[in-house]
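Below are structures written as structure tokens.
Next, two complexes with subunit A in common: one pairs it with subunit B, the other with subunit C.
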Partner chain A sequence: MNIVIIGGGPAGSEAAYRLAGEGYTVDLVEKENSIGGNLNNWYQLFPDRKPASEVVQGLQQHLNHPGITLHIDTEAIGITESAPGKFSVKLSNNTVLHSAAVLLATGYKLFDAGRKEEYGYGIYKRVITSAELENLFTNHSLATVYGDTPQRIGFIHCVGSRDEKICNYHCSKLCCITAIKQAIEVREMLPEAEIFCFYMDMRMFGPGYEELYREAQEQHNIKFIRGRLSEAAENINGQVVIKVEDTLVGKPLRMSLDLMVLMVGMEAAAGSGTLAGSVQIPLYPNGFIRPADPHTGTNLTARPGIFTAGSCTSPMNLTDTLTDARSAAWQIKKWLTGPDKQ
Partner chain B sequence: MYYDPFVLPFTIGLTALLLFLIIKYIRWIRTFRKSERRKIRKGIFSLKTLRSIGEIFSECLLHRKIYRTNPFLGYMHTCFGLGWFLLIVAGKTESMVYHTSAVNPPYFAIFFRFFHPAKETFPYSNTFAFITDLLLLFILSGLFLALAKRLWSRIVGMRKTTKHRPLDLLILTTLWLIFPLRFLAESFTSGLRGGGSFLTNNAGEFFARFLPLEQLTYPAWWAYSGVLGLFFILLPFSRYMHIPTEIVYIFLKNWGIKQGTKFNAFSEIQMYACSRCGICIDSCQLNSSLGMDTQPVYFLKKIRHQKEYGHLIENCLLCGRCEASCPVGLTHNALRLAKRPDLSRITKNTYSYAKNAAAPAKMAYFAGCMGQLTPAVTRSMEQLFKQAGVSYTFIDKEGGVCCGRPMLLAGNREEAAVMAEKNRAILKASGAEVLVTSCPICLKMFREEYGLQIRIVHHTEYIDELIREGKLKTVPSEQRTVFHNPCELGRGSGIYQAPENILKSISRKIDTAFDGKKSLCCGGSLANTSIDGKQRNRIAGDAAKAYAAYKPDVLVTACPLCKKTFATASDIPVKDIAEVVAERCRP
Partner chain C sequence: MELTGKERIWNEYQKEIAGDNYFYARSCIRQTFFPGSEWAYLDILRNKLNKQVTEDPRHTTCTGIGYHTDVVPAETTMTVVARHFALMTEAGCENMTPSCVTSFGLYTEILETWKHHPEIEEKIREFLWKSTKREFKKPANLAHTSDIIYKFRNEIAALAPHRLQDVHTGRPLRGVDHIGCHYAKMFPAQGIGGAEFPAVLSGLIQAWGGETVDYPERRHCCGFGFRNYLVMANRGFSVANSKKKFESMQAYEPDFIVANCPGCAMFLDKWQYTLSEMEGVTYGPNGFGIPVFTYEELTALVLGYDPWEIGLQMHQVAVEPFLDKIGIAYDPAAKYLNSRGEPMGQPACPTYMKVIK
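Here is the complex of A and B:
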């Protein structure tokens, strides 16, 4: 029996590999020209600093399985159910894939920082996103566009998350620990620099995260200031001047930075909405796909035969994404071998 | 002397109504302040009174403004307003010609066909009969449209029509019965004893064939008089109070009475002048995007009938779209504001940290809070100032104090005054003769509440001047632009031409159905503290979609708050007019 998986990020790739191992044939559809999804933009992973490329390579090797057909540079446009349990997935190259089950692994997209114009992204050249900082790490250089090495660096948490003004009420959950990881990486490259994190709350939910937070303060001299950035300006030297309220001290604070890193949050990928919409699967108000039940029905959707894996249902780290993908593979197998299928 | 007991209901009703109105209006006007009463005394014997009479003719009778909403709706109102008025005038003239006397009781003209049914000729009697029949037909055609509107409001161009109280529906029925009953009474009389013209005469002959007109005619006149009397008695308690009150409102308005910051007798006059036509419902985006019944028609109705209206006070964007579409010309923004209580908390000390200083220059630039949150806009303005070679002082570059308008819109006038005082001191220190603002919200505040003796312009006006004076050299482009005129800029401050000039000179500006006064609100308005971010986003999304339908390359606005609101809701890029000009400027 055939299964179509939409999205070739970690969730889709992992699920494809597990299902192929169970003897199913799998069509894996990926809109970019390589698999790995957002992971391709990352240099090292938290909390153990494993190179992201190693994980991607591992996933890639697994996809060499003969049961998996990879469709790269191809977008899934819509799903139709011709009869119960018989799905057709239309692709951007006009081919149609038929399957007994569909797995949505459409993932997330990073928040477009330009929407918070007051932070000056796209206007001030010393303002970059966390994803762009990973790229600097990959190139082993933190030189700014002006060619200088930054002496004072600020990480701005919750950009595009927990922000009523841009209608993103949810917490993206990973940005806190990512900022800590990135701050430590910056510290290792620039031992003399001043490094600040401006946060609302530090949400250290995973194993080793809280420990890394402590380490950042005790061993790496990274300063954490509780307060949300209100606005940023540029001074004559081209530095970013930020206005923040230090809410622990209760005082407004002004500071000039050589490099400002925006910890951009996660939003539902555009594809999630269109695909879920094509089979009337409900979304959460923030655009992520709503599972059949938030406790006992994860991986399942309102429509039997269509499953989800990874961060298309909510912000999720890599560990949870891979776990979720294996869980989805098991749910799909259970559905395909269920009493009504035999 | 012509008399019959059936005229009593009409006569009693009319007398009671007139007495009530005179007492009511005198009591209202007596509570006016001295300065306002002086305005009235000065206004009565001036051209303003003539202008008022003109306006009464065009708005109370012709209902000219309603034609802008929909021709059928306009025609329907013209039928009732102008039709009824002319019918009274024609009837009265006819009675005077017949009676050869100016004084005869009002009922004589109204029931002329009863007292004078036969084909007794007097000068122009046939002409009069023809005219009154024609007018009756005219009104009946309007009545037909009104019935259709109740059943299916879209044929007169209204997506939604007002939900009325049972009493209002009763009096609506009474009003609707007046003209059919007049038609029946006159037709029956004609059928029995001749007279009338093409309508009542033919109808009378028709009815005579199968109806016992001998028995029906007299009761029909009783019914006609009764319904008229009932209408007059009910009028003060119903929405039809708008008929006489609108006339009073037009006079007072033209004599210079303005809605102040308090909800006073003049506010009540406005409230009673609301006809509850419901045109404001369709114009309100809180209805079209969120399905909320918070429009002036419901707000004023609830206040008038002592229903709970507290939740409606804050639920208004003060975008002014209802005001622009209101056929009575009521000042809805000021009315809503007058109900917002002053809950000021901050004092002068709150801003002691801000310096009363600014670098001196002939022109001061004020970005405002929202301007500070849109660095692309302030940056473009600074670039344009430099390119035009004008010297300026950016008075809130290093931080400043809010213009105060958000507080004023929330009702907190005292707080707004504290902020205005602070900003006045900063402006004075700069010695500027011209103030340029990037935010139309600040612009309106500086112009209307600061009492400044210097020139205050929005950056659209300033850029337009720089281009026309040749100080800015722009390069035209093929970019398709649509202009969203911010509420506080267009409807709020009357600035329509400057953005038009600018965009036409540098891009291919596309005209839309939402140009000028019909501009949509972005939903980000500071004036509404009742709706949440998601609801705002829905309004913004709907507005952005409406503009995007014209397929522009860029949606241009001229307000930093609108820009930010659209940024989250629009699929097409949104830019401030200053950015678009900066991109098209030769250095």
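Here is the complex of A and C:
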């Protein structure tokens, strides 16, 4: 029996490998020209600093399985169910794939930092996103666009997350630990620099995260200030001037930075809504796909035969994404071998 | 700084502005502080741009100052504004153009409130009927008068004998644009360019040949803050806000400040005197202050109006250095003469800030 997986990020790739290993044929559809999704934008992973490229290479090798057909540069644009358990997935190249089950692994997109206009992203050249900082790490240079080496760097947490003003109420979960990882990486490259993290809450939910947070403070002299950035501007020297309220001290704070890193959050990918909508699968108000049950029905959707894996249902780290993908593979196998499918 | 980033935001925040047939709602305070501004605006609209502008002497305060200082209840404010709409309706107009930024913000807030709570609108209609026997239609188009000038900025540039350039060197003059808080900070979509990088005044400066200054405290309030100023005990806070702005913009050596809010223009002008008396500091070159203009005054100047006819002698900061740069002829001896040519008295000289008498 054939299974269509939409999304060639870590979740889709891992599930494809697991399902192919169980003897199913898998069509894996990826809109970009390579697999790996957002992982391709990352240099090292938290908390162990494993190179992201190693993980992507591992996923890629798994996709050499003969049971997997990879469709890159191809977008899935709609799903139809002609009869119970008989799905057709229409692709952007007008191909139609037929399957007994569909796995949505459409992932997430990074928040467009330009929507937080008051932070000046896209206007002030010393304002970059966390994804752009990863690119600097990959190139082993923290030089700004002006060519100088920054001496004071600020990480702004929760950009596009937990923010009523831009209608994103959810927490993206990963930005806190990402900021800590990145701050340590910056410290290693710039031992003399001043490094600040401006946060609302530190949400250290994963194994090793809290320890890394402590290490950042004790060993790397990274300063954590509880307060949300209200606005950024540019001074006559081209530095970014920020205004923050230090809510622990209870005082407003103004500071000039040589580099300001916006920890952009996760939003539902546009494709999630389109595909889920084509088969009447409900979404959460934040646009992520709603599972059949948040406790006992993860990987399942309101439409039997259509499953989810990874961060198309909520922000998720790589560990949880891969675990979720394996869980989805098991759920699909269970569905395909159920009494009514024999 | 990446100007294309700003332009992207400006393009996202454009709004429909009516092209003619305006109902004009005057400001309570603009005529007191800058007595030629509203006259100049009406003259430019009617006689330079050939637009129809209607006003009604029965128009009153919008109560915005009282509303924002918590001394006028919201229902009272909404009923007074409903009466303004009734005057507009009775005049056969549907395009409301308030002169005051606070009125503009208040009208916007009330229309938004009514949109989401039609029961409140019904209640206010009842209040208005019971108190005045008036009815009204809501404006089809609401625009601040600086929006109107922005809309016609290129037409004005084509008519203008003066450019915002130093006639001696050809250097574009550097202008600080100060946008009143109530213009777009409450409803960004209602302002040209939004709240963070508004273009309503910077667009004028650029269209007329000048350069805008983007300084760190550009978004900061002028300090009026209503209760900051109106309660005497808070007045130091008002001055402190203006001081923060002046210190921030001073490094850029601006040639002028232009504001679209009557209160902002007044405080940015008068507090320069206050600060010079308090601390002996001045923010312009050679002991002068930084000239402050309302957008109507700036428009009138590029269009060649006589500086004293539009009331620039009422400014605290001397405007002559700006007039000299832009190449506007003026009669120094006529500065303090009234319209009949009689002397109307002269202000005392400040201790520190230079003025030209």
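Keep in mind that, in the parts below, the second predicted complex is superposed on the first by the 342 of 342 C-alpha atoms of A that agree within 3 Å, B and C clash if a C-alpha of one lies under 4 Å from a C-alpha of the other, contacts with A are read in each partner's own complex, and residues count from 1 in each chain.
Keep in mind that, in the parts below, a contact is a pair of C-beta atoms (placed from the backbone, for glycine too) under 8 Å apart; a residue touches a chain by one contact, two chains touch by 3 or more.
Everything quoted here is computed from the prediction, not taken from an experiment.
*Asks:* Does the subunit A-based superposition show subunit B and subunit C clashing or fitting?
*Replies:* These partners clash in the superposed model.
*Asks:* Which partner chains sit in contact with A:Pro285 here, subunit B, subunit C, both or neither? Use first/second/both/neither.
*Replies:* After superposition on chain A, A:Pro285 lies in contact with subunit B alone.
*Asks:* Of the two partner chains, subunit B (first) and subunit C (second), which one does A:Lys125 touch, if any: first, second, both, or neither?
*Replies:* In the superposed model, A:Lys125 contacts subunit C only, not subunit B.
*Asks:* Taking the superposition as given, does A:Ala233 touch the first partner, subunit B, the second, subunit C, both, or neither?
*Replies:* After superposition on chain A, A:Ala233 lies in contact with both partners, subunit B and subunit C.
*Asks:* Go through the superposed model and pick first if A:Ile166 touches only subunit B, second if only subunit C, both, or neither.
*Replies:* After superposition on chain A, A:Ile166 lies in contact with subunit B alone.
*Asks:* With both complexes overlaid on chain A, does A:Ala83 touch subunit B (first), subunit C (second), both or neither?
*Replies:* neither
*Asks:* Based on the A-chain superposition described above, do subunit B and subunit C contact any of the same residues on subunit A, and if so which?
*Replies:* The answer is residues 114, 117-118, 120, 123-124, 231, 233-234 of subunit A.
*Asks:* Quick check: in the complex, which residue numbers of subunit C touch subunit A?
*Replies:* Residues 1-2, 4-6, 8-9, 194-197, 214-219, 251-252.
*Asks:* Report the residues of subunit A in contact with subunit C in the complex, numbered from low to high.
*Replies:* 114, 117-118, 120-125, 231, 233-236, 238, 241
*Asks:* For subunit B, which residues are in contact with subunit A within the complex?
*Replies:* So the residues of subunit B touching subunit A come out as 372-376, 379, 397, 399, 532-534, 537, 563-564, 567-568.
*Asks:* Which residues of subunit A touch subunit B in the complex?
*Replies:* 114-115, 117-118, 120, 123-124, 164-167, 231-234, 243, 285
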